[in-house]
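First chain A sits with chain B, and in the next complex the same chain sits with chain C.
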Partner chain A sequence: MVTLKIDGKIIQAREGTMVLEAARQMNINIPAICHHEAVEPWGGCRLCLVEITHDDWGGWSGLVTSCLYPVEEGLIVTTASPKVIETRKTIIDLLLARYPGSPRIQELAREYGIEKTSYVPDVGRDNCILCGLCVRLCAGMGMAAISTAGRGAAKEISTPLQEAPEDCIGCGVCHKNCPTMNIPMQDKNGVRTIWNRKFELIRCSACGKAHITREHAEYLCEHQDLPPEYFETCDQCKRLENADRFAAIVKW
Partner chain B sequence: MLLRLHVTPKRCIGCRTCELACAFSHSVTLHPSKSRVFVHKCGDEVFIPMVCLQCDEAACVMACPVEALTRNEQTGAVEVNDEKCVRCMACVAACPFGNMHYDEVKVKVIKCDLCGGDPLCAKFCPTQTLEYKS
Partner chain C sequence: MKRCKTPADLKKWSTGLDRQRKKTKTRILVCSGPGCLARGSRKIAGAFQKELAARKLDSKVVHKLTETGCHGLCQQGPLVTIMPEHIFYVQVKPKDVPEIIQQTIMKGQVIERLLHTDPGKKEKFQDYRKIPFYARQVRVALRNVGLIDPNDIEEYIAVGGYQALAKVLTGMKPEKVIDMVARSGLRGKGGGGFPTAKKWKSGRDAPGEQTYIICNGDEGDPGAFMDRAIMEGDPHSVIEGMIIGAYAVGSSQGYVYVRQEYPLAVKNMQQAINDARKAGFLGDRIFGTPFCFDIRVSRGGGAFVCGESSALMRSVEGNVGEPRAKYVHSVKRGLFDQPTILNNVETWNNVPYIVSEGPERLASMGTKKSKGTKAFCLVGKVRNTGLIEIPMGTTLREIIYEIGDGIIRDRPFKGVQTGGPSGGVVPNSLLDLPVDFEALTRAGSMMGSGGMIVMDDRTCMVDVAKYFLHFLMEESCGKCVPCREGLKQLHNIVDGITRGNAGNGDLEKIENLSRSIMEGSLCALGKSAPNPVLSTLQYFRPEYETHIEKKKCPAGVCKALITYLINDKCTGCTLCVKACAFDAIVGKKKKMHKILEDKCTRCGACFAVCKFDAIEID
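Up next is the complex of A and B:
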């Protein structure tokens, strides 16, 4: 365990814990768009920056992204110093110029009192803020069906060769966790459409409700060692079936 | 000795107090749809309270790709870490008893967490259908 100070509070954290994680355990809020506990930190959005210093550093202090900075013995962290707020505001201002239509960025800008970007807004873009969360979550699911493509201003999230991804199982994790809700997914008539690929949804054998893609169920059976019959009926029908089964035992 | 939630359906009178106690303790609304326990009426006089059995080899835990479901060693309950959950719904689809639920309003997976070691459904059950004992 190491002891450090965050916003004047002395806290203890496990070695290897990142400053952001340690602060959140103490209910200290640091904004971060690209962070998700299920995957490794990435430092993509830069919003989680904090000011750090140490008694042994002779008065030197610096700005670091807290999601990537491991805790250290005697570290003194300030999460909302004037320097941090000013730099964070600049980042939000830049993000707002690049993605003026993104509700998440607009909300952050309002929170930090930025009404209008001081740069030239890049109108006509989609709302992808290139935080890479979808890519990392997809890899975390064991798929890696999507990736970042291109460099610099042309960087984007894309499928291999911009075609319908072969490795995708249609689990919808990228869609559900996108902070700007920029990845479209549609479930219609038992078919899920995502990344220009259509997936057949398994219909519950009892009520007909479409509940999981066949590819996702097959993946779970193969990799997580679950029997295929677990996915034949939806959760509600499974509960009813089991209740009937238990009732038969009770009556008997 | 680890305590377990025992269900004796023979004693159940179908009053659904457990559903209300669960809904109230977890969501501060008395709406039974927010409950983790559901009482099913099977036939004329048989009521079966369906609640998570905290399986030893739990399908939900096996299905989770990011280890967001872990067992609380103190209570024996399998708990969801909302910060880690990626909402892939694998656990909901995998549970063979249908006892994993999805709250579409709060956009999160919900399951019985044994109220952190003091399940209110058992506390409020007037007929001891639900009992928390060793």
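Up next is the complex of A and C:
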């Protein structure tokens, strides 16, 4: 355990914990739009900047992204210093210019007292905020079927060569976790359509619900040592089946 | 090819080459650097080959023809040097070749017509070492560039190549090598100026399964080509430096990261690595010692951000070249999450020199904190453009007015841009600034990898800032918001100023946004990106104000803010009428002409052709 000070309060945190996590445990609100507990911190949105210093640093202090900065003994963290607020407000102002129509950004702007962006707003863009969550989650699944592509303001989330991605298993993790719901996915007549690919959905042998793509099922069976027939029933039916089995054992 | 199993093998090889070299009466060096190649130096080499064969002089021993890397004075290419007399011919054409052979090589006579005339001082020089452009230089990194055939390992061995490696591997402990580099005072030449030995020591002490070595050859600054010249012209010096470094830090695998846009550098580095492997300098049990090391070339796609170390490492791994926060340094966790020592081409190239000449030699050059030399690319509005190398501490005045021979057409010097897009503009008031890491940083610019763009009074500083912002905006990787969105908006504001659409408070807006970009960005690209605009604002604020308040561009560059006028010096020669592609100039022959403002696109073609200073910019 290391002892550090966040906003004047002395706290203890496990070594390797990031400052953002430690601060959130103390109920300190630090905004972040690219952070997700399931994947490694990324440091893209820069909203979680905090100011750090240390008694041994000879008066030096600076801004770091709290999602990436590990706690250390004697660290002094200020989560809302004037410098932090100034930089954070500029970032929100810039985000508002880029995504004038995004409810999430609008809410953040209101929170920081920004009514209108002071920059030239972008119009006609989609709602992707380039948080990179979909890419990182996909890589975390072991697929890496999508990636960021291009540079600068033209950066986007894309599939290899903008074609239907070969490595995609249609698991839908990108769609379900997109904070701006910008990745379309459709399940219709036993077929899932995502990233311009069509996947056959396996129907549950018990209830008939189309519940998982064949590619996703095969991938999980292979990598998690599951029997090949595991996905013939859906999760809900499996639970019912288990409940029946338990009931038979305890016989009440 | 010979294979060196022991240092004695190398000694024997180099003695043999020495003996052979003594039989060579003349060496004809044809510069095949990018500048000369573009001006047709390959045809000149071909003409020499043909002519030597026709005269039965092509024994390759008595008269040796060598295609070398960049010789330096690119402005005057194609360049041909006749050794051992150092006779230096400029702007050589294939039709000059028979005469050179007949007169110079056969009879030892110098052809006056082909000698270099110093444009400012009107003096002819026979020996290139006497030309002020070369005389003021001290060549450490460029010691072999322009003098040897980069594709012939024997040429490198003949000048003492790989002997530093032999010395290190068979007589020095790794710690001793690091200590030697420390005593030389070598600092990272990629721009950061971090003490090399300190980096090596941290890398050596870092725990990990495998320590990697990387050579950063992703030179991307506009106007810079030093690393390219070294990789193309003396690749073995970089390889030898990397092997010595690998031994010092305990690495067995190295990577050379070169951008695909440098095809000749990729080719020459690859061939040098293959040859070094065949000769036994790379691979298993080098010089019969237990030390094993090999190098692979990794080609980059030409993204500027991949010159940033953490983005470069992601690119080598095969991932998208995006930087990551360096709260854990890459010497501890870099390539494939292993300890990684990354140095620039010029830094690696300095290492064999330190070992063979002794660390004191390098330490004796330069200033108190910046030791040794630095290669620069002198470009822009200067008479002599090209590749130069100077001891640290040389003043800008010496570089621009002695080596560079002053500003073209003796126009007033306005400023010099150093450090590439992350650097800034040093104004004419600081002409006596000694060039070293600290002085340039204090002046609001930086050393950078070594681009030096000289500007005269016809350069608009707002336009310069706009150019670099546009470059950075396009080259930002786009991962983090302040850099991606901030640079776009910063460019918007500066672009507005050059178009006459500036609003009140724009300069304050620039300063505030710049501060947030510097504080908030993830990597050094973003953190330093506002430098070009901030340094020009610092030194040329009135120029910005004139753009905003008076809607005028004093340098006559920003098209929306200027008008072209014809004054009474016009003789009616009609040259401008012919030059104008938009029929915007009217007037009869021998009568004063007039520019039709609504048709004029402000391209400046008339201004460039007028011989009577009759065209004015307002």
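In the analysis below, the second predicted complex is superposed on the first by the 238 of 252 C-alpha atoms of A that agree within 3 Å, B and C clash if a C-alpha of one lies under 4 Å from a C-alpha of the other, contacts with A are read in each partner's own complex, and residues count from 1 in each chain.
Heads up, the rule we're going with is that a contact is a pair of C-beta atoms (placed from the backbone, for glycine too) under 8 Å apart; a residue touches a chain by one contact, two chains touch by 3 or more.
Just so you know, these numbers come straight off a predicted model, no measurement behind them.
Looking at the shared chain after the overlay, A:A97 reaches chain C, while chain B stays out of its contact range.
By the touch criterion defined above, A:Y119 reaches chain C but does not reach chain B.
Using the contact criterion defined above for the overlaid structures, shared-chain residue A:T159 touches neither chain B nor chain C, since it reaches no partner.
Within the superposed three-chain model, A:C45 lies in touch with chain C and out of touch with chain B [touch as defined at top]. When both complexes are overlaid on chain A, the residue A:T148 reaches chain C alone and has no touch with chain B. Residue contacts after overlaying the shared chain place A:G132 against chain C, while chain B stays out of touching range.
Within the superposed three-chain model, A:T180 lies out of touch with both chain B and chain C [touch as defined at top].
When the shared chain is aligned, chain C comes close enough to touch A:P70, but chain B does not.
Once the two complexes are laid over each other on the shared chain, residue contacts for A:T87 go to chain C alone; chain B is not touched.
Residue overlap on chain A between the chain B contacts of one complex and the chain C contacts of the other is empty. By the touch criterion given at the top, residues 36-39, 137, 140-142, 171-173, 176-177, 211-212, 216-217, 220, 224-226, 230-231, 233-244, 246-247, 250-251 of chain A touch chain B in their complex.
Taken in their complex, chain A has these residues touching chain C: 42-47, 49, 63-65, 68-70, 83, 86-87, 90-91, 94-95, 97-98, 118-120, 130, 132, 147-155. Against chain A, the residues of chain B that register as touching in their complex are 9-10, 38, 40, 42-43, 46, 48, 50, 59, 62-63, 65-66, 68, 81, 83-90, 92-102, 107. Per the touch definition, chain C reaches chain A in the complex via residues 303, 305, 320, 322, 324-325, 327, 473-482, 484-489, 492, 509, 512-513, 515-516, 519-522.
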